[in-house]
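Letters A, B, C, D and E mark the chains in the order given here, with residues in each chain numbered from 1 onward.
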Amino acid sequence: MTSTQDAKAPAGEVVLEAIGLTKHFPVRRRLRDLFSKEHDAVHAVDDVHLTLRRGQVVALVGESGSGKSTVARLLAQLYPRTGGDIQLHGRSTTVKGGRNFRGYAARVQMIFQDPFASLNPVHTIRYHLTRALKIHHNAGDDLDAALAALLTRVSLTPPERYLDKFPHELSGGQRQRVAIARALGADPEALLADEPVSMLDVSIRLGVLNLLRDLKERLNLAILYITHDIASARYFADETLVMYAGRMVEGGDSETVTQTPAHPYTRLLIDSAPDPDRLTGDIDPLEEDRGNGEPPSLIRPPSGCRFHPRCPAAMPRCSTDLPVRLEIGDAPGHWAACWLYDKAGAQ
Amino acid sequence: MTIPTSSIEQVIPGQGAMAQPSAKPAKAKRQRFLFVRNTKAATGLVVLGVYVLLAIIGPWIAPYDPSGRSNDLVQGPSAAHWFGTTHLGQDIFSQILVGTRSVMYVGFLAGLIATTLSVLIGVTAGYLGGKTDDSLSALTNVILVIPAIPLMIIITSVLNNASDTLIAVVIGLTSWSWNARVLRAQTLSLRRRDFVEASRASGETTWRIVIFELLPNLTAVIASGLVGTVIYAVLSEITLAFIGITSNDGWNWGTILFWAQGQQALGQHAWWWFVPAGLAIACLGTALSLINFGIDEFVSPRLRSAGKTKLKTAAGHTVRMRIGFTPVLENSAAPHTHARVISTPVMREAK
Amino acid sequence: MAEPVLEIRNLNVDYGLGDRAVHAVRDVNLTLHRGEVLGLAGESGSGKSTLAYGLTRLLAPPGVITGGQVIYHPAQGSSYDVLALSDNGLREWRWAETAIVFQGAMNSLNPVHKISTQLMDVLKAHEPNMSAHSRAARAREMLKLVGISADRMDAYPHQLSGGMRQRVMIGMALILQPQVVIMDEPTTALDVVMQRQILGQLIELRERLGFSVIFITHDLSLLVEFSNRIAIMYGGRIVEEAPANTIYRDALHPYSKGLLSSFPALRGPRRELTGIPGSPPDLAGMPAGCSFHPRCPKAFEPCGSAIPVLGRPDTPDGAGRSVACWLHPAEQPVG
Amino acid sequence: MKYFLQRIGFYVFTAWAAITLNFFIPRMVPGDPVQSLIAKYKGQLSTDAMQSLYILFGLDQHKSMWAEYVDYWKQIFHGDLGLSFTFFPAPVSQVISQALPWTLLLVGITTIISFLLGTSLGVVAGWRRGSWTDGLLPVTTFFSSVPYFWLGIIAIYLLAGPDSFFPSSGGFDSGLVPAWDQYFIPSAIQHSLLPALTILISSVSGWILSMRNMMVTVASEDYITVAHAKGLSERRVALSYAARNALLPNVSGFALSLGFIVGGTLLVEIVFSYPGLGFTLLQALGARDYPLMQGIFLIITIAVLVANLLADIAYLLLDPRTRKDG
Amino acid sequence: SDSPNANNNANAGKSVDYLRIGMPNGTQTENHNPFAGTSSANALGYKWMIYEPLTQWNPVKPADPAKPWLAKEVKWAADYKSADITVRDNATWSDGQKLTADDVAYTFTLLKSKPALNANAIPFGDITVNGSVVHVTFTTPQFVNQNKIMASTPIVPKHVWEKIADPTTDINKNPIGSGPYTLKSFTQAGVVLSVRTEGYWQDLPKVKELRYTSYADNSAQTTALANGESEWSFVFIPNYQATFISKDPANHKVWAPGVLGIHALYINTTVKPFDDPKLRQAMNMVVNRADIFNQAEAGYFHPQINSVTGLPDGAGDAFIAPEYKDKKFTVDVAGAKALLQSAGYKLNGTTLTDPSGKPVKIKLSDPAPWSDYQTTLEILKTNFAEIGIQATVEKPNQDVWDASVQKGDFEASMRWTNGGATPYDIYQTIMDGDLLKPLGTAAQQGNFGRFKSPEATAALKAYANATSDDARTTAMNQIQKIFVEQAPALPVGSDNVGGDYSTKNWTGWPSDADPYAGMQPTQPYALDIVLHLKPANS
């Protein structure tokens, strides 16, 4: 095991890197568009940079519809991308199907949000795992042993008790473990976990998250952890990235981003999270949000900074110029895409 | 003709609210028995079983040659001829028995053909989407628009000496479109389910996803479609036979009705010539419909006719279970379980 | 303490009949006081929704209420048992005295009617003498109250965003100024930002209008922040009930403790998260004794055999709270 | 609007494909109209007549299929469907226009009644599950499994007769001329009762069942519970909330069945000698009367498409969700 | 009231002055073109109530001279290549104009110039008018066609028809004829004719209104007859005693006289061993015509043929050759067996083998919907089994059957022959070598069995072209001899000109006692019948 035990430890080898990743979903054309040249599209993801390293968890946080799942699917090559590049071990990869896709899938695996839906109700656990092993020729000589090893790895012991069950006979947490085991069947280097615990009960979430962390350490995996619960990002991830309306707005190591958020949106997000330590009734409607709490249309996203219509600190410049990544300086690697931190521009 | 009345199908057109292959998925093995435990399905299966049995042994146990003439012309039911005789002295009971095979054969063969086609076209269209979907859907719609019975009449007359098999093929070829539409809609909704996406992400090939991931989840819909088309095929075959488009030789219930109508049996008050064949069709149809109800209820248990719906309250009133007004069986504040209050506290810290 | 507005006494709810019945709510005793927010927490399947629907008799078949009383104390007049009301009596009581806001607002609103129609439906049913004009005025007023401009009156549900729909539902719940509002996970489908906005608005309204709230969620941190008192359910029973702060700081029941230590905190020091081992119980085959004992780290011999009663614990600060645990045997059972 | 245009594109394509098929399919049929006619009159028409008929029908000159196809479209655009062989030289449009109203009225009205009745019963059966309405289903299922024509024949046997109120055949008393007057209308209604009843009995169960099932499905939606929680009257909840939503999926089924009106009732018309389009189609089929067959197929196709269009419009009106952008 | 239905109701109380005629011909489309075989006027037969022929010919007594009708007199030349027709001078068209020889000449000219309308393919030559006499010439002798020309050509008014742009495609919306009835109303289910008030050349009929109804099929027609809804029709009624007569035994009647047109089992004489006349003769000897008559034809529909010449009783009597006068068909299994044995066939148990040792098998085919033929085939099958011939019955669809019969691609099939005023049409359809086509080429006109006999061909030609009765008789006797000895087809039953009728309201129908005409409502003589009808209660 060469993994780093500490989140602050130097980052490992880069496994997967997204550079300027962009995805626009075309919108069905209407009659009046027939005569215009421009095609409407949902700008689901724009210019996303992201690096996954061995033995590290990167959290991607953002509200619903901000494009988190799209990023994950792009990274899993389930969608063709509109622009940008995905590099696996520094090599640009575009796979569409067939053998190439399998080869890619063997190294990058995805876990879905809903453990109730991501297992086929008509197949047993054995079938799911056997397929995962066989597709990638990881079954070896002894299939049963491989299956047992897989289940043990996700702490479903004794394995025999689970192998011949159907998904509906398992609890949510157990199902999500099976889903993880299936992903591990490919023996991947990177795991893309799209809200892996949001559908689970509070009391069992922790178990799954701990399992993922444990795997990261033992198998030296690179994990992308997608969530809308910023508190769990703090707890679980080494690095946290915040997305708003298809764009990255802030990034840095988790503790810094959650404790000293720089971008107004991140601040809004953190202020909105329930806090048991706050006094009952001590809730002022957030003066931090100038809008009605709703995200903008992604078909015609706001110009400049996408958050400017809601931003309490918006400046005229915010509505015209697209903010670039700016170092905050309070901790290494902490950045925000916000003109507030543009020292040069402020002068 | 009658539109197959499976609710699964009826539900489809309005996108959205459809009997999803249950969120609480088929409790595979145990539920397979549950299906048979459904009274409707069980009744239907038993009746169908009898028909299948008759289809197999009918020709052997028939007391007479169904075409054999005798001198008992147009005789009512008697000990010798249970269902009476025709204008040629043929035994109608034997004709019914012998005819069962053709009806069942055509019904099931046509059902199988139509179902296979509908699965191929519907699932492909639904899963692949895009241009494939557009063109397959267009094909489906065109077939749906063309009136089926006249089309069958035309096609059967193109093919001379239509044998049972040919008739079944023709019926099968003209009656897949409705099910294909249903299946396409179902596949569309399944395609977006995570487990399909997940097996794609884990590297499964497209055909494996379709065959091993999608199809098993469509079994109820397919089965219901099959049963629906069998009913439809049986009715179509009988209709064709009734208007004189029939196989070369051999009997089916439609042929019996054809002769009865040609000989104006009812004008001669020979009701026995008409009634048995009609009832045989109706019972077979009912049995198949019952099976379909069973499937519907199996897929979406809500549809099950509520088992026991009348309840006795503690006070002795009868109340009905209904939506919006939960019955109150007992209206007292007495606790049900008796929790104990321990007088001497047992204090012990866990390890 | 304020006077009670709703008293639930030994409420029992089953799904199905006879031997195969699932006892989803068992002997629940709970009192809601005027003007308070009572939080109801517990993991999925613990019977929170069943309790809420059971006390309003809205459970769909095969749900049946097998026992208990729900005593309602109206603002004026004498108290009565909701479960003993006639159909018409119940209809009159519903919404006028107790309104409900469900989890998914999209599903709570009839997709084919305008929201104005659905708002005015309530008025038509409960205040038949009201003129059409004043009905519309009232509906508009309610929408304004929850922060939706009146020109959205004639919108259909699908034309509104999730947050707006949920606001419409809250507006609709308050349109008859009920004494009690039951909220079953009203914000779980929403974003945190939106959730905070809506809850903030709700609290404000409660202060103005003075109704009581039963607030159901499994997000404990949210509950602690928003409610006055919290009841924790496990396996169809209430296992602990106490003022919010008390529970947050010092939960007595091992299950409550487990729940509180299974979510990470956003602020403050990173604390140790222990969670709860095992998986939720199967209601059909509930373990004997305390239903939590198979998962309980502190289980000892009476736990497996006898059901602990919910009552005032024998701890020094036991006043105003109750717990059902053999570690803290009740001195005085509630109910 | 966008939804609408998409649909119109679909209709145009389907209509084109169906009409093209309608053109080619009858031409695949062996035999020719003259032979059929001779056979039909079985000895009443001498073999000498044959040549004169070939000349009469214009079948003595041969044209390529393609040229005929082009002509066919030209004709359609001129609203001309050619001359029928069976009723030579009556134009197809005349044959169809005299048969169509009968079918539309008998089957159209019956289908609508069946839909309304079945739907209402289905609403009741779905809403009041566990009451007597559950017993309705097996009975109606049995009747719906009986072939139309059999039911019709039995109905004629049992109910029609020399002294019966129900006439056994035809659309009106012989001797009457179709007119909107006090003699004709009652006679037409009287003649339509028995066939209508037959259609009703065998078609109503489908509606009952699908409506019941939709009601059951809708009844468990949250908004129904909310409606109850709002204290609305049972009627209001059942009709305005449950039935209103349960109806939606049935609308397109209804449209399809409206489309099938024309083609689907062949046998009822045959059994009751009802002077409608289905019966005419059977005659055309028997006589290899391509122009008439094509004409009727065209009408059926258009009927189905129009019915679907109506369903789309109905959907648009009934379901605000489809009305997205103006 | 100006409603067309008003007087319909007014008649309700009074005695019935209308006659309800039905035909099982399905829905009709308005088409009164008397020349189009497809018109409603033809299908329902009302064209003969509006348009009249030159003479009335009685098919029940085909040898009797035709009755003058619009023609006062018809004089044929001895070679039957021309005729002089004297047109009656007191007939008028229903629009009041006089009927003249010009109208007759115009009608013939119309047929001559429009082959599409010339359904009997009459080879018209010159047509000239001289006062009230029309002189018509023909390119071939027309002895066998004489009644088709004179008694079944409707005469149409020149002044109306010459204005019609294309008489072949005109529906003749407003028919003007010389008959006693005019069109009152048309609907797809029926036609009403009302009697003319004046101008008819003889006494007007007692029936004031004719109401034609077109029923969907035989079954509906029979039901209507049984109910009394229909009073006169021509339809096959299975078990007519039970279905029809018994409903009103006093009034419901069926009369089905045979005519010169028969139904026979055509045998493909090119198929071995059926090319052997001995085998065919033997088969002919075992056909149980009584069973067929009673079970397949309900005991009336196709009157049983008794004479070995294949000519029906009654209508055929006058033509039977002296040597066959008393020769009747009998079922003679023993005789057949003996005949076969002598011809080298062997009967082993139940199987007959031909001289080459092959078992004799035959496929009988007819379209499924023709239930009487189907029943006949079933009976023939059991008949043939008695001499060891294994028959199977096939039911191809009608088009396939029709094509294969014409192309000679069949073994044996029940079919009809043409009919006419003499037995010529019957024998021509079965035996005429001129109609013989090679196998595989459609023989549209006849000789489907590919019967090759130069003698028969010559005799038929001689009959048609003969200029004297003696020559004709000789030729006819010769034809019959060949038919009996060669048995190219097995005659079973004759066509009939029958009808089903009710005497409840009207009497005076033709009958065995007074066979003044045939009984079909769609034939030219139908008018003659209507003119004979009297109210039942008078």
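For the reader, a short list of remarks on this structure follows.
The rule is simple: a contact is a pair of C-beta atoms (placed from the backbone, for glycine too) under 8 Å apart; a residue touches a chain by one contact, two chains touch by 3 or more.
These numbers come from a predicted model, not from an experiment.
With steps allowed only between chains in touch, the distance from subunit A over to subunit E comes to 2. More C-beta pairs touch across one of B-C and A-B than the other; that pair is B-C.
Subunit A and subunit C, compared by their mean Cα positions, are separated by 33 Å.
Averaging C-alpha coordinates per chain places the centre of subunit C 54 Å away from that of subunit D. Each chain gets a centre from the mean of its Cα atoms; for subunit C and subunit E, those two points are 92 Å apart.
Averaging C-alpha coordinates per chain places the centre of subunit D 39 Å away from that of subunit E. Counting only residues that touch two or more partner chains, subunit B has 157, 160, 261, 306, 309, 321-325. Contact of a single residue of subunit C with at least two other chains is seen at positions 53, 58, 60, 90. For subunit D, the set of residues that touch two or more other chains comprises 29-31, 156, 219-220, 225, 227-228, 248, 270, 319.
Residues 37, 43-44, 147, 161, 163, 191-197, 199-201, 203-204, 207, 218-222, 224-228, 244, 248, 258-259, 262-268, 270, 273-277, 279-280 of subunit C are the ones touching subunit A in the complex. Against subunit B, the residues of subunit E that register as touching in their complex are 218-219, 222-223, 226, 237-239, 242-244, 295, 367-369, 371, 375, 378-379, 382, 392-397, 399-400. Contacts from subunit B toward subunit D in the complex involve residues 1-3, 5, 7, 10-14, 17, 19, 138, 141-142, 144-151, 153-155, 157-158, 160, 231, 235, 238-239, 242-243, 257, 261, 266, 271, 274-275, 277-278, 281-286, 288-290, 293, 296, 300, 302-303, 305-306, 309-310, 320-325.
Of all residues in subunit C, those touching subunit B in their complex are 9-10, 12, 17, 26-27, 53-54, 57-69, 81, 83-84, 87, 90, 296-302, 306-311, 314, 324, 326-327, 329-330, 333, 335. Those residues of subunit A lying in contact with subunit C across their complex are 63-64, 171-174, 201-207, 210, 228, 230-232, 234-236, 258-259, 268-278, 280-281, 283-286, 289, 292-294.
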